[in-house]
Amino acid sequence: MRRVNAGDWVTLYYSEKETYTVRVDPGKRFHTTRGFIELDKLVGVELGSDIETNVGEKLVVSSATFVERLFSLKRFTQVIYPKDLGYILVSSGVGPGSVVVEAGTGTGFLAATLAYYVRPTGKVYTYEVRRDFYELALENFRALGLQEYIVAKNKDAREGFDEENVDAVMLDLPDPWSIVDKAYSSLAHGGVLMVFVPTLPQVERTLSALKRSNFRMLEVVEIMLRRYKAEPAELRPEMIGVQHTGYIIQGRKL
Amino acid sequence: MRRVNAGDWVTLYYSEKETYTVRVDPGKRFHTTRGFIELDKLVGVELGSDIETNVGEKLVVSSATFVERLFSLKRFTQVIYPKDLGYILVSSGVGPGSVVVEAGTGTGFLAATLAYYVRPTGKVYTYEVRRDFYELALENFRALGLQEYIVAKNKDAREGFDEENVDAVMLDLPDPWSIVDKAYSSLAHGGVLMVFVPTLPQVERTLSALKRSNFRMLEVVEIMLRRYKAEPAELRPEMIGVQHTGYIIQGRKL
Amino acid sequence: MRRVNAGDWVTLYYSEKETYTVRVDPGKRFHTTRGFIELDKLVGVELGSDIETNVGEKLVVSSATFVERLFSLKRFTQVIYPKDLGYILVSSGVGPGSVVVEAGTGTGFLAATLAYYVRPTGKVYTYEVRRDFYELALENFRALGLQEYIVAKNKDAREGFDEENVDAVMLDLPDPWSIVDKAYSSLAHGGVLMVFVPTLPQVERTLSALKRSNFRMLEVVEIMLRRYKAEPAELRPEMIGVQHTGYIIQGRKL
Amino acid sequence: MRRVNAGDWVTLYYSEKETYTVRVDPGKRFHTTRGFIELDKLVGVELGSDIETNVGEKLVVSSATFVERLFSLKRFTQVIYPKDLGYILVSSGVGPGSVVVEAGTGTGFLAATLAYYVRPTGKVYTYEVRRDFYELALENFRALGLQEYIVAKNKDAREGFDEENVDAVMLDLPDPWSIVDKAYSSLAHGGVLMVFVPTLPQVERTLSALKRSNFRMLEVVEIMLRRYKAEPAELRPEMIGVQHTGYIIQGRKL
């Protein structure tokens, strides 16, 4: 049996529509719509058992997935969906030990995800020109316990990256075409550039820049996800849903 | 500058339509449509430089991505597409250090991908009832250098899994409903079950089994990928393409 | 120049987000969020000119498309989207002169559309077991001026259709499998059956029934529509939208 | 019972994978992979009965749908798919009695479809600058028996349309932006412009032109169709299929 330690992330289950994900910070109190929980009380609890709120409501204690932790952090101003994150990861080959450069950090959502996957021997270097975002990102990295795998820089990526021979460069900013040549310099031979943009004119400008900068094996994809109603007798896609997030552009230094 | 070592995987680029991915096994000879290369000659070569075939054609030497390595192994009889692999990974939270159970191994494609991402501290336990597949999978794991992260078992998953408290169970077999209860027993609280099936009647039967086995937070998704013509002046999706691979069903032990 | 006649349908344009579609019934008053219009005032007005509401706001008067007329009738309880209607029409070949049987009428949306397209020499026979729907449908047919092309029957389609040798049968009801054999009897050789259902278990049951009833050339399709933001510099699909309406099943009596 | 007349179109069914659609032109001989049929023999045959080829193979005789007739004409060099045709029809409101202008004719596929639906009181005016296409289109219109509903002109649409106050203008040519203003002049108030283009840069240029020409209620959609395997026990989308045809742009003169 596994037990909860201080600093662990847990998911508290009340019903299918009501779950909570929280980091067990001793001394803090966590509020739910069913009353609050003193987080100290969670330390040592066996996963799978119940915890009672101050008003006697019971929630089941379980470990939290990484996505639950990410989406529980309200401080992220912008997110990339799991469907896109997953493709970016697998298609780029970024995994344990990879060295990755990313811009712009924003509030750190993509950098945090990359850091989770390059652990424990890889590193993510992330660039952000805005001071407030940079500081919020640092906070987010600490909250997720990922700060040791990330080097965050409060610098404009347009001035170039300090790193060389990196495995991948990820660009998630409004004008990726302006730093595509810097990305090329930073990559190792065989390295992968991944760009995420929401509109088609951005795709067109980025593709033109990639061709000028000598990137090869260009690829543009969009990934659509449809969620189904999870009832065997009424199986069908949800009527309304997210139809679009963005386009993923890929190039190789070959 | 990085140089090629014996045992590395490299991608050799001749043109946009003609690239090769190969492991540098000294003593072997690699055949291309442009002549052959003695792989010994690749050891010590700087990434980004050219290598000449026996007939004098030049190819650029670069490192290979994990997906290139996977897809270069002709011995896999069945593959899961990067769009699906990526979502399975990110949505389950499987990453460095995770302990995962998988069935059936088949020729090892999914197990190999999982092993790549749980390195260096996690482990993949994979079950396959067919002896020939089991042996082919072992060969594939060794070819990819992932054997130390995988425990392959030539056993019928329907008899249950030996592992307990695992982070995730992945099922990629024709009748997942028959072992959904074994998966539940094997999972830690908070653990994730992911099932991949190609047809809708399979989705229906699996959902019914998940409900009976007390799985929570059920989710069914399908992921569609459209590849675009990577020409800025003629940007549009490819006319013909893969429209369907399968459905991903998820449940949590909560 | 065309002028508005009594009984015509017009679309009144105030802004991109605010248009109204109304039938010019003399003696009636039409309310907008910009004041009201006495419909008598519209008779004789040239299309393309302005009409003033009682508070002096101006709206441009134009002819209304058939879809605008349909969607302006609040009395329809259920609609089929243009993407599905269009495919049903073209794929079945229903057009001017066709003789079509439909069940169930509901409030008449599909029957009205079919009637619009079989005019002036074709006919739509539509069956509805519920009296209230049947009466509402009659009202809708009259409002759209299509009553002469429709024979509405307050009868249970499960007891069979009175018509023979029809060009097409359209089924839009929860249990189409229960009358698929009646549809077969009613069709001419070469005739087309089209079934619209929202869930996958319904598709499975309908397909089984079609096979049992000797239908040929079975086809199941789903039609997805994505609406784009109509701004050239920010072109991209709308983020949120309708992801699913239903499946269209087709069979031929051959 | 219906019987075949000279000039009718029939579909001959041998098996699910082998059907033929042909116009019954007496005096002609029709070849199948099962031998040939003297078309004279078909006149007077009851729909639903068998016809024998010269080598004694039997095919079932049925009426042909309009789509079967269209797709049996090998002389069309370019087609628009039923999913797109249907949406264009329903969304524009083009139906019996409508007056429509179209450019360019090409080999007449879209004009023929429009003519089928505006019968018997409407009219299609279609423009084509290339003489060879114009002549081929005339042949196709006659083969389909639609010539009396179509006025084909061997003229460059860029010089403007002769018709005024038309219900709809349809553009299916590489540079629609160059005649969008001519389309506006030709339309009645309330009239609809529909443009079909395959690439995204064409969508962007067309949208800009529509805005400049004062079109309102701009809409851009793409319609995706997935065909399913029509087997109830193995229901799933076909693995490979058409992923893209084109974008449909709509504007109103309001």
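Just so it is clear, A, B, C and D label the chains in written order, and each chain counts residues from 1 on its own.
Note that a residue touches a chain if its C-beta (ideal position, glycine included) is under 8 Å from a C-beta of that chain, and two chains touch if they have at least 3 such contacts.
As the structure is a computational prediction, the values presented were derived from the model and not from experiment.
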Mutual neighbours - chains that touch subunit C and subunit D alike: A, B
For subunit C, the least number of touch steps when starting out from subunit A: 1
Pair with more cross-chain C-beta pairs in contact, given B-D and B-C: B-D
Computed distance of Cα centres, subunit C from subunit B, in Å: 48
Approximate Å spacing (C-alpha centroids) for the pair subunit A, subunit B: 21
Centre distance in Å when subunit B and subunit D are each reduced to the mean of their C-alpha atoms: 45
Residues of subunit B engaged with two or more neighbouring chains: 200-201, 204, 226, 232-233, 235, 237
Parts of subunit C lying in touch with subunit B, wherever the complex brings them together: 200-201, 204
Complex interface listing, subunit A residues touching subunit C: 198-201, 226, 232-245
Complex contact set, residues of subunit C against subunit D: 1-2, 10-11, 13, 16, 19, 47-48, 60-68, 82-83, 85-93, 95-97, 113, 116-117, 119-121, 165, 167, 188-192, 200, 203-205, 207-208, 211, 216-233, 235, 237, 247, 249, 252-254
